[in-house]
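Two complexes follow with chain A in common, the first pairing it with chain B and the second with chain C.
Take a look at the complex of A and B:
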């Protein structure tokens, strides 16, 4: 009898907790954790292709949601390649050609450095609540963590993924799994966060496995080596001139 | 006897002119259509072979499955070793590694900023070697419109149509943006030294031809190539030999459980060319059969009409004691003379027109503006040794068959009835 009572209390508590937040409020909290005034991070990307794996290292400086600058550090062939995002525009610099090329049109849909991510993914507004409306559709356990399952539907048609399904950690407000769908309902990409860590009081993904469902291969692992929030970034960094330096 | 019959034919034109004209027209059509269909088929096969399929093509098994998408991440590795093995095992063939790739060609302005961009269909070939068979296979010297052929690394050719679209002349620097073998963005600077026009719309729309070494550097494909193409040295495709080669090569090198092992595919099993080859072969056979059949019917009819017209003559000849067999044979000889003259004249005319179209061709470029198939805009007839008798033999035998059938009527004539018939 005592056990039944306990289960009942837990169930009621979880329902009450779920009702405390709407889908959009959960999404707000997720966005809050993922964005900052500035971010400086060093990351490693392990691309598991059909012929083997290769590792790409990079350092990125991000200001808000509009500006970012990435410099590739390894392997030797990619070293010195830089990318600059200003609003909805993206430029890349290759030291081999000493050319700055604007990435636009269909190239945006191509793979970023051979990974399961596209340039379009890189350009995306990290504030999900700017582009999607959210609805809680259920609750599930992901890696022993209780999660809300949210269905996101795009507010406009000018987005790479019309709908998304995300699993949000109830306690840490961090996405642990994500499915991205085309307007037709076809599953395009999946994301699994396999490790998280706490920095400056916020939970942040440490290791993410991206998988483009339209590609053969074992996906791309994104490992965050280090991250600093809200450090000062000189404004000249976000200029095309810096790409050549 | 022949002289007698010849005189008869010359003096009585109604006996010879019409049948000769019919045989001539039939032989002409057969020779011309045979040469034209063969020529167009040959053009189509060669355009495909030269630019895409080779007479045989070797790719990795994985690449072959998705070849339309040019998946260079699945390209053949260890190409030098494979080339050595191919040259040793099949020395009668020309073996050439190639890389086909898609990308963007970016033209910078004076500040090295993007001035214009256009998509390109790239082809990496052995281009720098003056003696490279690629120069002959792709007919590069004739295809050159402006500038010159590349002489050193970093020099490329682009299609003249693309150069006009980008408003550039040879001597201009351009940046190729593509994907490396590992999927990263590839950027490489090239000097455009010439523009080409292959006469194949699918290539002329946006081709970039570069040396394979440059492409390997640009796309991070060291000792790798998307495909190795093989050509018979005389450039004539032989399906049986190609299929035999496919069997022996695949038995030796291709492994079903290794998607990156090489796989040879003959031309007839690529781009639906096998079906096309079989179809044109059937069409050709069908056309000649129809010709012989129709000609036989027409000449049988002519023979019958002639028999009716010459009813009296044959009757007199029989009444004078000429044997039926002799009369029948003389008609057969006559038909052979008619067949020979008509078939000869028709073949000569057909060959003359075919030779003209073999040299000059007919330009169908205006109809192929949006074509994506690899076919030459200028279609030509092709005169082969078979062209000399393909119309002559049926032309010779068609009147013979017609007369043989209609002439049987001679044997039905009753000698006792002859005078009664002649009275009428």
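Take a look at the complex of A and C:
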């Protein structure tokens, strides 16, 4: 009787908690945690290929959702490669050729340094609530964390992934798993956040595993070494001239 | 009539020296005709294959379409205007829609062009009839080169991913229904052919096309707003320029051979005039004008060309006929060059090529034979009789 009572209380509490937030509100909270005025971070990308794994280190400066600048630090063959995103345009600079190349058209679909991410994945609007409407479809445990399962449907037809399914940590409002689907419903990409950390009071992903579900392989790991929010970034950094410096 | 007779007698009298010159000159004959025949064959073969399988009688291109600019393909589609739709309905033209996509053969990532074609079309030589399907399954047709690159076989399934007109990702599995053997790389490499209506639906481009191929011998193309007609001169200009540049490059070989032969003939002429100065003096003393003597020596030299043509015909003709009939097997590595040639190249020896080559050699030999004889014009018969030459 006592156990039944406890279960009842837990169920009621969780229903009340779920009712407290609608899908869109959860999405707002997720966006709030993920976006900032500026972000400066150092990251490692481990690409698990057929012939072994490669680790690529980079430092990025991000301002809002429109501007970002990334410089690759290691390995030696990628060192000095830079990438600049301004709005919906993307350029890369390679020190070997000393040339700035605009990434556009079909090249956007190509893999970013052999990883499971494409250039166009980088171009996406990180504010999910701008482009999707969300609906809570259930609750599940991910890595011992209670999560809401949200079904995201694109608000307009001009969105790369028509539907997504995300698992949001109920307490920390951070996405722990994400599935991206084609219009036909075919699963295209998955993201698993295997480690999180707290910076300036917000929870942020530390270790992410990206996997292109249509490709063979073990996916690409993205490890955030350090991150600073809302630090000043000089405006000259977001210019094509900086790519050659 | 005395000059030709005398010239031939003198020439044959020179023995081995004459035959050496003739043989070297005959090499030039054969080399020029053979290499030019190869390039003419290459041009003909590639043009015919491209007209049959890709260009038809010309193409209407959507105004944004530029095959050399992959960035423009995404915007190169629209509904054909009524005039072109009439041509399509009459069976005079067939539309093709091009969409960029990605395939994942065996889990590998490969960018491709998805091309939609009407399975009932009869304008180009593409086995589109295999794309007829009543089932939900998406049928796909690929070329042999694409099949070998992707290791796909008939009956295999491959996942295709593309973006629709609004930029949203979509994906589906297609079944390979046929592998076509084509020598035209432009319809094979990196391409997957799908039923037009299915691709239009998949990409959200209902009734749209990127280009419209018209039937062979299509006359009087009409001007259509938003679409540009590209005739065969335009569509084949790349292959023609390529053959032209290859042909120019190879001309070094026969220019060298011709040069060697000309030096030999020039030397022979100079030596003849020097050794036969007493004969020249005697001929002039007997009443032959200097002009006639020049004619005699020039004719002697030019006869090298005639004899060379005969010798070249003796061994060259069977060789050229054999290669024209059996063709010349091309190495595997030429597949990647982008030529629409297939595995065997058949040379083409046109009448114009043979006559042109003969004229070129004859004129060159005559000029080279004439040059040393100018000395005779300044010759005094008395000096010549004494064996003097200045």
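What we mean here is this: the second predicted complex is superposed on the first by the 245 of 245 C-alpha atoms of A that agree within 3 Å, B and C clash if a C-alpha of one lies under 4 Å from a C-alpha of the other, contacts with A are read in each partner's own complex, and residues count from 1 in each chain.
Just so we're on the same page, a contact is a pair of C-beta atoms (placed from the backbone, for glycine too) under 8 Å apart; a residue touches a chain by one contact, two chains touch by 3 or more.
In this text, all values refer to a predicted model and were calculated from it rather than measured experimentally.
If you put the two complexes together on chain A, you find that chain B and chain C bump into each other.
By the touch criterion defined above, A:154 reaches chain C but does not reach chain B. Touch criterion met: A:51 reaches chain B, while chain C stays clear of it.
With both structures placed on the common chain, the touch criterion links A:162 to chain C but leaves chain B unconnected. When the two structures are aligned on the shared chain, A:115 is found in touch with chain B, with no touch to chain C.
Once the two complexes are overlaid on the shared chain, A:183 sits against chain C while remaining clear of chain B. Judged by the touch definition given at the top, the superposed model places A:214 against chain C, while chain B stays out of reach. Once the two complexes are overlaid on the shared chain, A:126 sits clear of chain B and of chain C alike. Stretch 364-372 is the one of chain B that runs into chain C, the other listed stretches 184-192, 310-318 or 364-372 having no clashing C-alpha atoms.
In the superposition on the C-alpha atoms of chain A, the part of chain A touched by chain B in one complex and by chain C in the other spans residues 107, 110-111. Residues of chain C that touch chain A in their complex: 70-74, 100, 102, 104, 106-109, 111, 159, 161, 163-164, 166-172, 204.
Of all residues in chain A, only 47, 49-51, 54, 56, 77-78, 81, 92, 94, 96-102, 107, 110-111, 113-115 touch chain B in the complex they form.
Residues 104-107, 109-111, 154, 156-162, 180, 182-184, 186, 188, 212, 214-217 of chain A are the ones that touch chain C when the two sit in their complex. Residues 62, 73-74, 104, 106, 108, 112-114, 175, 177, 179-180, 182-185, 187-189, 220, 259-260 of chain B are the ones touching chain A in the complex.
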